[in-house]
Structure formats: C-alpha cells, structure tokens
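Here the structure comes first, spelled out in structure tokens, and everything after it is commentary.
Chain naming follows the written order as A, B, C and D, and within any one chain the residues start at number 1.
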C-alpha cells in the first residue's frame, strides 16, 4: 500500500515536472521559419540546383564522366578551322560546339562531384531550390543554346571537314604505303643483289 | 418551432465549440512545441482552419469497405454523436437555460454516455479491420472500467449535494460564504472532495480517450484504432463527438465541483449571460489542461491502464466515499 | 460564374462560387499520409517539425490512408513496394493527390541505371500531381511543392475529371515485373 | 415433455490472429513489415519481412568501377548517419591504398562524426518517444537536430546526405566559422539534455512503458552479434572507438556508457534508451577535446589523389556508427572494386527482434522496435 502511494506520488511529481517544461515552452517564442514570407539564407555552396554557364563550357566532358548517376548528357562537335569560338572567361580556348548539354535534375543526386573537375568552373550549384514541376519532363534542363538549324549546319560542316581530313589521311597513308612498298622493294632488290 | 430552436441551440454550441477546440488544440500543441500552428487559412492565426477542414471532409469520398457490415458501419458515428448530444440536455448552461431540468439528471447523463462504448464497438467490429477490432476491444475495456471510479466520485458529490438534479446542484453553489471569501463551490465544502475531484479528472481523461489514456486510437500502435476504416464526414463526426464528449465531461466536472455557472465573486458579475460565460470558461479550463497533458506525456499500456483503474482508483474512491459520508455526518 | 461575375466586376459585391469555396477548403486542409520510404522521409519529418512546421498550411499527418488527402511518396520505390503503394493509393478516398518527393520517386534517381530492384519513377504506378526535385529536397522545397499543389487545386473544376487521371486512363500502365 | 437438451458447447477454439504491421505503419520506422501473430494482444510470434528498400548498393559498388563514385551511395545506406557510412568506407579505401591523411582532416572527421552521432541519436530518441505516444519530445529533439544540420550544411552544402568525406581528405575546405559554430552548439546543447531528461527519461509513465520490456540478456546479444547501443544496453562494454580505435579516437578521453538496469532489468528498452542519451554527452566531450586539439592550418585536400589507382587486395574495416558496428569488406582488382560488402548494424540488430518480443503486448512490440532504432536503408541496403 505504501509502495503504491509512493509510486503514485512519483508519477504525479514527474508528470508535473514534464508539464512544467512544456509550459515553459508554451510561453517561449517559436522557432519556426515562416517559409514563403521568410527565407533562410543558404550557406555559400549549398547544393540545390545545377547550373551551367554554357558560354564558358569547352566541351571536355569531365563532368559527364565524374557523374555517378549519368544524369549529364553532353554532345559536342569539333569546330571547323574557319570558325573561332573565342575563349572562356578563364582563358581556355574553346574548340567544340556544344550541341547538347542536358542535365536531368529528376535523376541528379546532388552529390557535387561534377563541380570540382570542371576546368573552367562553368558548372556549379546554385542556391535555388524552388522548382517543383507538374510535369517531370520540365526537370530536364537543356543548357545548349544552339538552335536545331545551327546544330545541323555545324554538324554538316564538321562532317565535311572530317571527311576532308579522312581523305587527306587516307591519301597520306596511301603515299606512305607506296613509299614503304617502294623502300621494301628496293631493300629486297638490295638483298637479292647482296 | 420555439422548441426546435431551443433544441438546436446546444447543437450549434457543440459544432461551434468543436471547431474552436480543434483549432485551439492545434494552436496549443504548436506553441508547446515551439511551432506556430495554423497560420495561413483565413488570415489571423488561421482561424478558418477547422472550417476548411470540415468543408473538405464533407467533400471527401465516403468509403465503405467491401466486407464491412454496412448498416453498423454507417450508423456507428451517428450513435456516438447522438449519445453525447443527448447527454447535453441535462447540462445547466446558465441559470436560465437547461435542456431538461429532470430530477435524475446525473443518473441520466451517466446512463446515456454509456452508449459511447456501444457505438465504438459497433464501428470497430463493423469495419472488419484487425486494427479497428483491437482498438474497439481496448475502448470497451477501458470505458467500462473507468466508469466505476467516475460514478464513485460523482456519488460522493451527490452525498454532499443531496440532489440528482444538476440545476439544483448548481444553484446551491452560488454565493461566497466559506471562510468569508471562498465561493460556495462543492470542492471547498468538503476536504475529501478534492481527492474525489482528482479521481474524477483522471477518469474523465480516460473516458474521453486523451493522452495518457488514448489507447483506442493510439496512432503509433494501432494506426488509427477504431477509426482506421472511416473516411470523410463519417470520420469527422467521430472527431466531433470526441470533442463534444470532452466538453461534456469537463462541464460535468464544473457543475459537480466548481459551482457550474456560479460566479467566483459571489453576486458580482452574475446573471444568466455571465453565468454562461463562467460556465464555459470553467469547462474550457479543464479542456485546456487535458490538451496540455496530451502534448506532454507518453501513453500507458493497456494492462497498466487497467491496473491503475482497478488497483488504485477504485479502492481509493471507495475509501474516499466512506470518508466523505462520515465527514457529512459529523459536520 | 458567368454573367454576374462580369456585371459586378467593379463593384464591392463579392461573388464566391460554390466551386471556389470548395476548392479553398480542399487546398487549405491537405492531410498527408504519414508514410515514409527512405531518406526523403527524414526530410519530410523535418518539414513537419518545429523549424518548418507543416501545420501552418493546415497540413497534418494521418496514419490511416482513408483520412488522408495527399500522399507524399518520399523515397525510393522498389519493385516490392510498388504494389503496396498502388494499394495504399487505392485505399485513399477521393479527392486525392500525390506529391513525388525527391529524385528516387521522380525517376528512379541515383538508382535509375543499375538499380535492378528500383522502380524508375513512381508515376508508373500512380498518377503524380507535383514533382519535387532534390535528393533529398530541402524542407522549403517540399513546402513549395505543396504551394504548387494548392495552386493546382484552386484551378480545379468539379465537373471535369482531373488532368492526371485522364492521363492515367489514357496511358497504358506498364506492367511491373516483380520478382 | 421432451427433455430439453442443451446444445453441446462447441470446443473452445484458441485461435491466434495474424496482423501485418507495415509496410505502411506509423511506428515501423520506414518500410519494415512485421508479420505479427497475436493471441488477443499478446504477441506470440514476430517475423520481420524486409526488402522493401533494397537499393542495390553492392551492385552499384561493382558497376561504377570507381572508388570515388561509390561515396555518395554509401551515404544512402544509413541515411540518418550518413557521415559515419562515408567515414567507414573512406577509411577502408585509404587502408587499401595505403594513404596517409593529414592531421586536420582526421580531427575534422572525428568532430563531424560525433556531431552526426548526436543528430542520429536525437532522431532515434525522438522517434522512440513518438512510438510511446510522446509527441513533444520528438519535436524538441528535432529542433536540436536542426541546429546540427545547420552546421553540417555550412560545411558540406547539404542537409542530410553530405558526400563530404572523400578518399584522402575532404571535398571542400573547412569554413572559417566552423569552430565557433560548433562551440556555440556544444554549450547550448548541454541544458537541453537535462530538459529531455525531465520530460522523458525520468517520466514515470515512460519508465513504466520501457523498463523490463524487451529484455535482451548479454549472452543472447553476443550470440546474435549485436552491436552499438543494443549491445551496450545489455551491459557489455564494447565500443570500437575504445576497443579497436580507428582514425584518431585513441587520443580522446571518454567513457563507454552501458546499461545498468537502473529502472528494471539489465538490457531492457530503458537501458538501450539511456545509453543513447549518455552517449550524446560523451560525444560532446569528444567534440570539445577535438576542437581544442585541432590544428588551425592545413590543406584538407593535400592527400587527395587526382585519380584513384586501384590495387589488388582485400580489406575489412569496421567503425562504430550510432547504431553499431559497420564493416566494409572490399575485394579490389587492378581495374577497380570487385566487390564491396557492407555489414550494417541495423540488419543484425533487427534479427534479434523475434527473440526478444515473444510474450510482449502489441504496444510493447512498438516500443521494442523503437528501442532497436533501425534504419531501413541500413537493413535492406
């Protein structure tokens, strides 16, 4: 009986201690961030969205290779000799047309592994997190600014140049072969003579 | 016609109160937890939140599970609500308004509220869901056991008051005579009534299933207890009835121990309208304490709950009853 | 909402059609299903916690799907779980909405390539209303997803069926192979 | 009049009921499914059904073919203590490649790991309280956890899955105000533990619900190879930071709290709970010492290899995460990882559940699951 009473007493005591704690909190101001009206300042380097300064991209595809989930898709076409694409803001010369630069943010896992390898610092995380969509396809971000016509034009040009190169290469190879054949035949002759 | 208006007044009161109380509960819980609670719906501190909730619940699809017992499933919430609504008819809201001033008021009230158990079991069994069934069984056990200490503590008040009519009990508590300044409330008239009040309060917390005794709908164990299969407004009525029940028992506590509509300052600030305000304030105070407890404490297990009832509350209330009777005989 | 609306456009008379009132009620009390799958569930809990507080928008958790309005698919949906999610969605009562939270449920996310046990996007089993990007999304991003959903609800009409449902009926559901 | 024959009473059938707890249930901490056989409310049998969150970690580790790329996937094994998962993996790879890590990086790793341990325990304690019906302590824990996340976000840029440790160092430089932020947190957190004790630990309802429930004797715990607070709650003082120090844990003074059965039997739910609370205090001690000793200058990327050249070999490294012993077993080839096996504490600890929940009530089962503090990402990987 005494034990029961003692236990009841501790029960009451602990309940009132707990209620005292909650009462203190009831009178305290709240810690809530009123989101749409107030916003927390994100720390520098917060990882919430990938952004590409396409002007600075040199098409080295290092980010594509570094990505563990393969959510970056880059296609490049080598620029022909008659076009000068200029330089990036970091001073690297640009040699490729970036025909596609797609990042699928619905696949991205925000690991930040594509950012450090970039030599021109053109891909980076920006502190913008409000981009929910009704349609998933809108989460595919296309950074390449070339129009479709331009892409085909550039591709044709590059192909032509490539063909030219290939032809030249072949020719050179043929010449080399001929020379080699010449030499070998000469050598053979020598051998047979010797 | 007048009768109809007279009868629907408590309904309006209950609905209005429930909307307010749910909003209050959310605000109180939020501020206890250093949050803000509803802020956006309707402007000032989300006052329209519960109205929106109700409007939404009306729109929701009313699902009746295939294997449910349709009639019982459909009627259970209404039986529950009817029971707690019917009990309001004997509550003296103010000196000028009482639904029915019958001379067995307390008895009637306790009898009618027993229907709550029945309706909960109806809903739980008819849902054909195992979680519901477990919740229903818990409720039945809990409510049946806790009715004993409730009735014992009410009986001890009746010994002091000498009447079963709640209006009469309220009337005899007006005035400020005890020790010259304390109001004539029953709790001050007999020292053992304080113990009776504590028992009564614990029991009503258990009867209206609030933490630490909220086993029937304990979210982390039984998903949503006996309400698991209910959706839409049928569930809304369960909610409404639960809050109505909470108010009913709090008001009963106010009548039996704290003078009902009697003003704490004697004849100052009394009268029918003030009486109503005092009465509701007293009821809401208990409601607030219940909320405060809910957001502080963990919950008991079902066997511990029974143990508290049968090994502590019931023996203590019996002994207390005898002591009160002895006190009344001697003084 | 036709002629009267135009007639009194400039006057002080407020015309609230039944529809907009009902839409207001729906969007103001979005109860979500307390149900988390993976990492995003922790951020979902953080959003419900004091620092961001879902309750400000009237969003509270319900553990029974019958009483929930919106299902937050928070985390990786595996093949084993996909059928259960479909079931849970069917158990919810209309009107119901789905928010796909995080890369995993948007499109399989980090697991889209070699994840032999991961469903590539929860929209293969249930219609999704809002896609919240992030891995996991910040609590603010999830709240913004809810704001987008509210916007969508306030433009709904009662008579026409919802867009996503039309889509889901038109689209043939791809059979999921559960091993 | 024909004799009234009372109908033969049908043989009383003692039937048990099978209920499915989960995959969607508020207290299964994710997508665990428990097949519970109950007799009334008494649990007679529990069968955990896992695999609802199998995310193919090992397949990924093999397919990616690069040690660096696996790091973000280790985060997702046990997403509540992501830094610990990274740390174990990174240490394993460093051991394989025989890399030396700068002093500053080691200290930083320890501080971050201990911060993460506090955050993880706060979540574990909070959800445990939630399982028992106490909602408010859960939110108080989250407020504190949010403070830690703010520090970690400042450091790494992410709130939950950090991908901050890399093989040989750290991904980014340490922000200048890291030390002051951490000091501030440490000083503000101590009184909060006291408040938590007032609200939950000493609350007699809480003690009633947890003491003598789910008793795990030390012998059984060892036989099931439990680890972490689960094992220490049973009174076995086994902490890898003390018993098999990795990183620089041998430089710090701290105690290993064990369950003593203060409120009931040794190894009950309350003991497992109190071990977590006391471990938070010990973590604070470690953080304070590490902050004092940490060298102020130094390049954190000094030892980071530009390209990881894989070596042939095998390595097993175990570390102490908030949930117990996490082991990585790496078999490496010249071309990259051949197989990476993760031994996660959650999976092992969960396997004890059927053994300790027999005869408990449904409500106790919830408490027991809460006290094991599993993370389903760790169970299914």
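The criterion applied here is as follows: a contact is a pair of C-beta atoms (placed from the backbone, for glycine too) under 8 Å apart; a residue touches a chain by one contact, two chains touch by 3 or more.
The UniProt protein names, listed by chain, are A = NADH-quinone oxidoreductase subunit I; B = NADH-quinone oxidoreductase subunit H; C = NADH-quinone oxidoreductase subunit B; D = NADH-quinone oxidoreductase subunit D.
Quick caveat: nothing in here was measured; it's all calculated off a predicted structure.
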Fill in the blank from the handout: Common contacts of subunit B and subunit C, by label, are A, D
Exercise for the section: Averaging only over C-alpha atoms, locate the centres of subunit C and subunit D and give their separation in whole Å. Expected result: 31
Practice task
Determine the centre-to-centre distance between subunit B and subunit D, using the mean Cα coordinates as centres, and give it in whole Å.
Solution key: 42
Completion exercise
Taking each chain's mean CA coordinate, subunit A and subunit B are separated, in whole Å, by 61
Handout entry: For subunit A paired with subunit C, centre-to-centre distance based on mean C-alpha positions, whole Å
Key = 29
Practice task
Check each residue of subunit D and list the ones that touch at least two other chains.
Solution key: 25-26, 72-73, 136, 139-140, 143, 161, 199-200, 203, 205
Practice task
Would you please write down the residue numbers of subunit C that are in contact with two or more other chains?
Solution key: 34, 50-51, 53, 56, 63, 110, 113, 135, 138
Completion exercise
subunit B residues touching 2+ other chains are 30, 32-36, 39, 219, 223, 295-297
Exercise for the section: Name the graph shape formed by the protein chains and their touching pairs; answer line, ring, star, complete or other. Expected result: complete
Fill in the blank from the handout: Residue positions on subunit A within touch of subunit C in the complex are 30-36, 39-40, 48-49, 68-70, 104-110, 129-136, 139
Practice task
Would you mind writing out the residues of subunit A in touch with subunit D in their complex?
Solution key: 7, 10-11, 14-15, 17-18, 20-22, 25, 31, 43, 45-47, 66, 68, 109-113, 116, 125
Exercise for the section: Using the touch rule from the top, collect the residues of subunit B that touch subunit A in their complex. Expected result: 28, 30-36, 39, 292-293, 295-297, 311-312
Practice task
Using the touch rule from the top, collect the residues of subunit D that touch subunit A in their complex.
Solution key: 64, 68-73, 136, 140, 143, 153-154, 157-158, 161, 163, 171-172, 175, 195, 198-200, 202-205
Practice task
In the complex, go through subunit B and note every residue touching subunit C.
Solution key: 26, 30, 33-42, 46, 48-49, 51-56, 59-63, 219, 223-224, 227-232, 235
